[in-house]
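Two complexes follow with subunit A in common, the first pairing it with subunit B and the second with subunit C.
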Partner chain A sequence: MKPGVHTASALAGRAPAPAAAPARPRPSAWRVLWATARRDLRLELRERDAANAMLFYGLLVIVIFSFAFTAEAQLTLRVGGGLLWVAFLFAGLLALDRAFLREAANDCLAGLIASPAPRAALLAGKFAATAAMMLMVEAVLLPLFAVIFNAPPAARWGGIVLTVLLGTWALAANGTYFSALGTHARQRTLLLPLLLLPVAVPAIIAMVQATQVFLAGSGGAEFWLKLLLGYDVIFTALGVVLADAVLEAE
Partner chain B sequence: MTTPTPTRSAPLRRRAAAGGAWLYWWGGVTLALLLYGLVQALLLAPTEATMGIYYRIFYFHVPAGITGFAAFGVNAAASLWYLLRPRKAADALALAAAETGVVFLAVNLITGPIWAKPIWGVWWVWDPRLTLTLVIWIMYVSYLVLRQFTPRSELQPRLAAAYAMFLFIAVPIDYMAIRWWRTQHPQPVIFGGPNSGLDPHMAYALVVCLLAFLALMATLMRFRHRQEMLSHEILRRQRAAALKES
Partner chain C sequence: MQSPLPHLALRCPLPSGAALVACRGLTRFFGATAALRQLDLELPPGYLLALFGANGAGKSTLLRIVAGALRPSAGEVTVAGAPWGSAAARGAAGLLAHESWLHPSLTVAENLAYYATLYGLAAGAAAEALARARGERLARLRVGELSQGMRQKAALARCLLHTPRVLLLDEPFASLDRATVAELQATLQELRGAGLLLIASTHTEDLIAGLADGWARLERGRLVAASPGLAAEAEA
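What follows is the complex of A and B.
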């Protein structure tokens, strides 16, 4: 995290920002990350608006799917992974959209950007809080899905949980970055899925295929998990390097 | 601006005309190449043994695809250039390349099904190459949507350049994921590849068409780039004039 800040400003062709207040040292990246994540999570958990909406929305998607396709064990064997991830994706988009919404009020974002905190750490803190929110909701939705769609007895849940962790990382990392990017756009809520989904295609293929393999209890998940992990690492690094490009005063 | 003074508007017109000569020359060469390619592809190249006349759409389908991907390569290079050295010229090139690439790849995606219907019997199959092309086309359409949704300011080029980096890096991962995804599933073996043992005259016609399409890409890109730079210039002058009046 630490080297990313300087390479980012060098990459953007600007000199590193001069220390605004020499008396107060630049806060460490990890502390900024932790403080941002903790603050966002605390606000979300006190309000519980987003968590409730996500939970209910995810549940609705799962229930609607069971009407659209008759929910029987055979169906779950074939397309269960896809159904699960569409529900997670839609619910996740609600959280991702909110990641920077709070900062829009009272020009909070401008204040954050003006602070000496490293921008990559701010972004990473938002990512951590959003990913935690998504995982909490998914932890409730996953058992519901298993019951409603009659998960096959051969399903390996350890593998599914691992896929959910890696897949949520992928969606939250890019989604947080694009949420920050969208704060400058006119129709930010419309824009987020349009930006996220095309870039997320390889991750979506990998998470759906891996979940499918674990649901059916067949083999061949290693490739998908490796691909997903590679995607996570590459795009998280890219977001850190390019953090300055989206978090800067106009 | 309703009343631009002659002294202010004259240099702009001269500037616009300066780039125009190049366009006429280059446009002429492109037109000649396109016509020559058309004659080669439709009249002179031999008819293919099994597909008959339908195969001739390949002289436009394949060059359009290659040209589209080349344009996206230009977009990635120009976006990286902008992130390293923020210049209007780099941003204008990235925009011109993305728009040109989307158009060429659209030609590729439209001519494909036209050929596929009589030969394969279906408009579309989720074959790795088709899927990848469609996904990449969608990615660059969303790049253009982003540009449309962000207000035209100092910020827009930077956001677009950052997003272009995400797109460019997603392409190889897409390639791996889609290849593995499709090869895991059984799929009908439909054709053995048109490039297996291409007739020399066919290869010649294909190269001519490819050169013509690349020349067309350069023309369109240069056109759009110039238009973008001129519109920046107009905006700058309008602002300067407004500042002077106030």
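What follows is the complex of A and C.
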């Protein structure tokens, strides 16, 4: 054997001594979260591919349903909650689809994975940006819905806004997770709703029911709001715990 | 039927007994296809290894695994003494990949500032990295508007941002003109002189020949040849 050269078995017997590594800064989870959210929002502001499509789709749903149903307060009481969430949900799917598709350009996802940044913070940053985008579009669609469907004067708008916040949190938390999971899938656009919607059923029921109660202006929605909050906390925690596996899924 | 390949272990004589990158039994599958099979190697700081091999030989797979962008199927990998997947290992390596890993809709400075946050660095690190990659004038340009050579410089700045101890280069000279190649060669020489371990995969052997301290050839995921004094027959 040549001097200084060892076989594989000799290598296996002696672990290489680690080279003295200089102290390296640890990335802060909060800074990574904030930077990721800000970067995604900046990208959306420049490209506008998700926001425009979301707004268009949401408007389309509301306008088409307004042709089908007459703008009567009684009818709004019966179908308004479901109708509003159909518009929000499908508009939201467009934002969720873009959350990780955006990283396909120049293989940016590999750069995120190869960095020492906490995976949970990366995922949380994506969640924050997506939720913010969804809320911005919902802020436009909600008043339009109220006008077009002649929302009852007794409607409790504070409650509706709270339901929208909790419901958007639920969809964005779950959807970001599944969007990351489907990054490398060939049928990713189809895969996202297929994975998300069945899991989101309890949250969707709670959103629709709570919205109906608040539109009617009477009755209690505590149960539905608690269910929604519980769902949010559980699925956010799951996303944090499973972030490593989700981002490195192949 | 394919002929059996020699199976070599690659180890550079280590002046201080410390390997900066060490792989033992490194194996990677894509589905049923083995991209890397039982790879053993140890490489020291201040060394430039040229990695040769045909398309699909496993060069890019090896570099992506060492960089932390791809999970090994089996075997052990340590980078700067830290186990694969740890924040310390990821923070010690930088990969100049086929793609720049920079978003085309952001400027070079915006991309680098984001990466600086991911590595726990101050935003000022971006300007320093651009200077080291000789790309100061690129800062305000959007990545999507850069030429191939400019994009390579910006990507190199991204790799050098966190002052890695191991720089991995996947076809660094591909699609570059002569002047840019010469500039990149000078940068690589400087980095090796500064004590970095560089592993460069390339098809254009003449462009790296004068720079490299040693070479190795991969074929069907196995190490089949290497420069004198660098390899030994591995035991099954």
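Just so we're on the same page, the second predicted complex is superposed on the first by the 224 of 250 C-alpha atoms of A that agree within 3 Å, B and C clash if a C-alpha of one lies under 4 Å from a C-alpha of the other, contacts with A are read in each partner's own complex, and residues count from 1 in each chain.
Keep this in mind: contacts are C-beta pairs under 8 Å (C-beta built on N, C-alpha and C of every residue); 3 or more make two chains touch, one makes a residue touch a chain.
Just so it is clear, the structure is predicted and the values come from calculations on it, not from any experiment.
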Inset, instruction - Compare subunit B and subunit C by how many residues of subunit A each one touches, and report the one with more. - result: C
Legend entry - Partner chain in contact with A:191 - subunit B first, subunit C second, else both or neither: first
Legend entry - First, second, both or neither for A:110, with subunit B first and subunit C second: second
Inset, instruction - Using the superposition on chain A described above, determine whether A:47 touches subunit B (first), subunit C (second), both, or neither. - result: second
Legend entry - Touched partner set for A:199, first subunit B, second subunit C, both or neither: first
Inset, instruction - Could you tell me if A:235 is touching subunit B, subunit C, both of them or neither one (first, second, both, neither)? - result: first
Legend entry - Contacts on subunit A seen with subunit B and repeated with subunit C across the two complexes: 11-12, 248, 250
Inset, instruction - Would you pull the subunit B residues touching subunit A in the complex into a rising list? - result: 83-86, 135, 138-139, 142, 145-146, 149-151, 153-156, 158-159, 161-163, 165-167, 169-170, 173-174, 176-178, 180-181, 184
Legend entry - Interface residues, subunit A side, partner subunit B - complex: 11-13, 174, 177-178, 181, 184-187, 190-191, 194-195, 197-199, 201-202, 205-206, 209, 220, 223-224, 227, 230-231, 234-235, 238, 242, 245-246, 248, 250
Legend entry - subunit C-touching residues of subunit A, taken from the complex the two chains share: 1-9, 11-12, 15-21, 24-28, 31-32, 35-36, 39, 42-43, 46-47, 102, 105-108, 110-117, 248, 250
Legend entry - In the complex with subunit A, residue positions of subunit C that touch it: 9, 11-14, 16-20, 22, 24-25, 38, 40, 42, 45, 64, 67-69, 71, 78, 80-82, 87-88, 90-93, 95, 97-106, 110, 114-115, 117-121, 143, 158, 162, 165, 229-235
